[in-house]
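Below is one structure, written out as C-alpha cells; comments come after it.
Naming follows writing order (A, B, C and D), and every chain is counted from residue 1.
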Amino acid sequence: MNGTIGLDSLVTWLDAFRTAVTEQRAYLTELDSAIGDADHGANMARGMAAVMEKLETSTPSTADELFKSVGMTLVTSVGGASGPLYGTFFLRMGMTAGAVAEFDGAALAAALRAGLDGIVARGKAEAGDKTMFDALAPALDAFDAALAGGTPIPAAAGVAADAAEAGRDATEPLVARKGRASYLGERSAGHLDPGSASSALLMRTLADVLGSS
Amino acid sequence: MKKLINAPEAVLADALAGVAAAHSDLRVDFANRIIYRATPKADGKVALISGGGSGHEPLHGGFVGTGMLDAACAGEVFTSPTPDQMQEATKVVDRGAGVLHIVKNYTGDVMNFEMAGELAAAESGVEVATIVTNDDVAVQDSTWTAGRRGVGVTVLLEKIVGAAAEEGRDLKAVLALAEKVNGSGRSMGMALTSCTVPAAGKPTFDLPDDMMEIGVGIHGEPGRHRVPLAGAHEIAAQLVEPILADLDFTSGPSIVMLNGMGGSPLIELYLMYGEVAKLLEKAGVKVARTLVGNYITSLDMAGCSVTVLKADDEILKLWDAPVVTGGLRWGA
Amino acid sequence: MKKLINAPEAVLADALAGVAAAHSDLRVDFANRIIYRATPKADGKVALISGGGSGHEPLHGGFVGTGMLDAACAGEVFTSPTPDQMQEATKVVDRGAGVLHIVKNYTGDVMNFEMAGELAAAESGVEVATIVTNDDVAVQDSTWTAGRRGVGVTVLLEKIVGAAAEEGRDLKAVLALAEKVNGSGRSMGMALTSCTVPAAGKPTFDLPDDMMEIGVGIHGEPGRHRVPLAGAHEIAAQLVEPILADLDFTSGPSIVMLNGMGGSPLIELYLMYGEVAKLLEKAGVKVARTLVGNYITSLDMAGCSVTVLKADDEILKLWDAPVVTGGLRWGA
Amino acid sequence: MNGTIGLDSLVTWLDAFRTAVTEQRAYLTELDSAIGDADHGANMARGMAAVMEKLETSTPSTADELFKSVGMTLVTSVGGASGPLYGTFFLRMGMTAGAVAEFDGAALAAALRAGLDGIVARGKAEAGDKTMFDALAPALDAFDAALAGGTPIPAAAGVAADAAEAGRDATEPLVARKGRASYLGERSAGHLDPGSASSALLMRTLADVLGSS
C-alpha cells in the first residue's frame, strides 16, 4: 500500500470490524456480564450488521458520506451507551474527512482524532474511567507519534492497535467511573471493560486491513 | 435458557405484537417500536414519553394510557432505544404544548434521549423538556461518575406527573413537578438470583445458593455487595435503612412501592411489604399509599426493591387521579 | 431454596401481615386466616367466598373487594384451607341472602368446603350454594376420577359472578350464572420449570433444560406430558388446540386470559399472548376482552396457561362492571 | 398386654404416629412431590403436632372424647385431602367407640372399621384407586381375620401393619383414579401413594405400641 487509503479499504475495514465483533460477540457479552448488563456483544454485532447491510444498498462515493451513513446507522440501530458513542465517533470522522475519496495518513489521523473527541463530547469520559476511551486514546496518540516519526501508515496502524490492546488490558484493575460498570464501585476492578475490548478490535482490524492491502 | 420466546432476536417484535393484540386502547408502531395511546390526548396538553431497554415490563409500555404516558419507546432487552425512536414519538405525541422526556439515569438512555431532543428541536421545533430520574441509593452519588440509577421512582413519577399533564399544566410546571417528585424519592433493590438476557442465553451472573446481591439495579447487573442469604426481616432492613439514611421521610405522608424484580411470586412480595411496613412505622414514616407487585422488573430475576416517595397533598391528589393503563389502573 | 421469607412455617402468617399493611380496604382475621372487605356489602345481597391453598396469588385474597369476593380463606401453601375457616367466613359475610362458595375442583378443597357447608348450615342456618370449577382440559374428565382441576376460569368466574352478586341477584340466580360461566370456560397450562414449596425446600420436580411440562395445574405438580422444549408459537399451539377441541368458541365473543405461573416475566407473557391471539383468530374465535399477567399462579414456576371463556352480552356487561381489588381493578 | 387397651395406650399410639410422620416428613413429601404437590409430609407433621398439643392441655377420659378431639384437630389444622380424610377417620372412630375408657380387640377393630368407612364416605375411594384406602383396607381385613382366628391383639396388630405396608407397596404400579395423582394419568404409575405411606405408619405405630405395652 502506498501513502493513501481509498474508500474501498475503509469499507473493507468496516467489514472486518463487523466480522470481528460478530465472532467475538460472546466474548464481549461475557465481559459485559461481569460488570454490565450482558448486551455489548449483541449491541455491536447488531449495529455492524446494520451498517454493512446499509452499505450494500447505497455505496457512498466520499468519506464523509460513508462515515455519516455508518454513524447514523449505528445511532439508529444500536441504542445503549455504545450506539451513541460509536455513532458519534463515525459521524465526527465523516465531518472531519470531508468530501474526499481517499485519505493520507494525516487526514486519517485527524478524522480518528475528531471521532474520539466526539466520544468525549458525548460521554465525558476521561483517562482511567474504564471506558472505550482508555483503548482509543492511547491508540490515537501512538498513531500520531508513529506517523510523525515517519512510520508508514500500515505499520503506524499496527502500533496503534498494539496500544489499543495495551489500553484495553490496562482497564482491568481500574474502578469504573463512567457507564454501567461504575454502579459496581470497587467490584468493577479486576475485569476488562467491554467497550475497550470492542475498540481494540476496531483498531486491530484497521491495522489488519491497511497492512494487508 | 428456558423462556417463552421464539428466538432471542425476535423477542421484542413478538412481545409488541402481543401488546397490540391485547390492548385495543393502544396503538403499536412496529417499525419504530413505539407504543402509543390509540386516542391521543387533547390539543394544548403537555405530552409525556418515556422509553428504555425492554425487560422491565410493565415499565414503560404498560404505563401508556390516560393519566400516565402518551407513548413509550422500547429498546432491545436492557438496551436503551435509539434517538430516532424518541424523535418520532416526540413528533407524534406533541399536541402543541411540548413534550416531557422521562429518562432513567443510565449513560445509554441519557445519551440517546439527548440526541433525540437535539434532533426533535432542530427538525420539528417541538419543545422538549427532560427529567432524568436517579433515585437508587445503592449507587454513591457523585458528579465524577455516571451518578445514581433511575429505578422505582420512575414508575411513581410517570403516574403523578402524567396526572398533572392530563390536568392541563404547562411544560414548565410539569417539569418542575417531575423534578420535585424525583428529588423526593429513593429506592434500593436486591436479588436472590440473576436474570437471563435472551441474547446472552445464560444468567448474567452466578450467585451461590447461600448468597444474595444487595444494591442491584434492573439490568441483571451484579449489585453493590454480595452478602449471605438472610431472612425477609433482615433483607427489609438492608433495603429500608439506606433509603431512610439518605432522606428524611418523617415530615409528611409517603407513597411506598414494594416492587418485584420479575421472578419472585406475589406471596413473597406481600411478605416483604409486611416487613418493610414494620420498619417504616418504627422509623416514624407514615405510609399514605402503597403499591405491591411487579412494576419495574429485571426479566426473570428473583428479588425485590423498595421505593419511598415523600408526598404532600398535591402529590397524593395526583396519585389518586384516574389512570387507565395496562400496569396501573384506577378511578376510571 | 432462595425465597423472600423468614421461615417456611411463617410464610402464610407473614404474607397476611403484608396484605393487611398494604390494603386499608381489606381486613385480615389472622387467627382464621381470612381476608375480608373492610366495608361489608349491603344487607340482602348474596356474598361470595372462595379459598384454597396459598401460593396462587393474587388468587384468592387479591380478588376480595367491591365487585368480586367478600372474603377469601387462605390455606397453607398448596394445601386447601380447613372447614372452620370457611365456616367462619360464611357466617361473617352473610348479609341474609346466602353465600356462594367458589371451590376449585381438587379433592382437598372439595372435601374441606363440603364439611364447611355442612357445619355452616347446621350451626348458623346460613344458606350456602357451591360452585366447583373444573376447567382444566389437561385432565381427562371422568366420573371415576377426581375430575378436571379448577384453574383459570376461577378468576373470570369470581369477577363475573361477583358483579352479579353486587347487582343484587339472589343466590339461585348467582349459582346459575356461576354454573354457566364454569361450563363455558376451558384452560390449559404448561411449565418451563418446577416451583419450590417453602416447606419442601426444593423443587417439586426436576425438569431437564431441554424439556417442558404440558398440562400442569397450579400446584407445581408434574404435567400430563413431558415434551422437548419448543418455541412460543409451538407452545401456544399445544395450549390452544386442546381447548378448542373441547368446546366450540366460534359462536360468539370470548374472554381470554394469558396467565403467568409466577416466575415468567411479563414480556414473555405478552409474547405468548401474541401467539395465542394469532391461533385464536385463525380458528375463528373472536376475542372481546383480554387479561395478560399473573392471576392464578404456582409460586415461582416459570410457565403460563391459557383460559378461553365463551361470553355473551350479559357476561361482557358483568365483566366490564366496576371492580376494586388488589388483583383486578377498573371502572372505579 | 392383656385383652384390653386403655386410653393411655391410645395416646401413646397417637404420640408414636406423631413421631413417625415427623421423622418421615421429608420422605412423605418426597413421595408427594413425584405425583402430587409436595406437602403431605408437612400436612401430617403439622396435624399430628396440633393433635398432641391439644392433648397436652385437655386430657379426655373416654375414647369418644379422645378421638373426637383428635379428629376435629386434624380437620381444623391440616387442610388438603388428608385433613378431612384422617379427620373423618378419627371422628368416626370416636363415634363408634362410645364413652368407654378401654377397648377390647373387637371394639378396636369396629372403631377402626368405622374410621375407614368414614374415609370412603368422604372420599369415595375404591380399592386400587391408589389412595390411603389401599393401605388401610387390607390392614383392617387382616386385623379382623387375625382376631377372628384367635390371634392376640398385639400380634393381630402386627399382621395388620404388615398388610398395610404390603398395601402401600402395591400402590406403586397403580394408575391413580382419586386425588391429585389422578391428574398425572399413566404417569402416576411407578410411584408409591403418599397417603398409603402415612397410613402404613399409622398401622405400624399401633402394632408397635400394642406390642410393647
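To be clear about the criterion, a residue touches a chain if its C-beta (ideal position, glycine included) is under 8 Å from a C-beta of that chain, and two chains touch if they have at least 3 such contacts.
Nothing here was measured: the structure is a model prediction, and the numbers come from that model.
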Euclidean distance of C-alpha centroids - subunit A vs subunit C, Å: 54
Length of the line joining the C-alpha centres of subunit C and subunit D, rounded to whole Å: 32
For subunit C, residues that touch 2 or more chains besides their own: 77
Category of the chain touch graph - line, ring, star, complete, other: line
Pairs of chains in contact (touch as defined earlier), listed by label: A-B, B-C, C-D
Subunit B to subunit A touching residues, read off their complex: 53, 75-84, 106-108, 111-112, 114-115, 138-140, 144-146, 149, 197, 199-200, 204-205, 217, 219-222, 224
Contact footprint of subunit C on subunit D as seen in their complex: 29, 33-39, 41-43, 46, 75-85, 122-123, 177-180, 182-185, 187
Complex interface listing, subunit C residues touching subunit B: 2-7, 11, 14-15, 17-23, 54-55, 57-58, 62, 77, 192-193, 209, 212, 229, 231-233, 235, 258, 262-275, 277-278, 287, 290, 292, 294, 297, 299-300, 302-304, 324, 326, 329-332
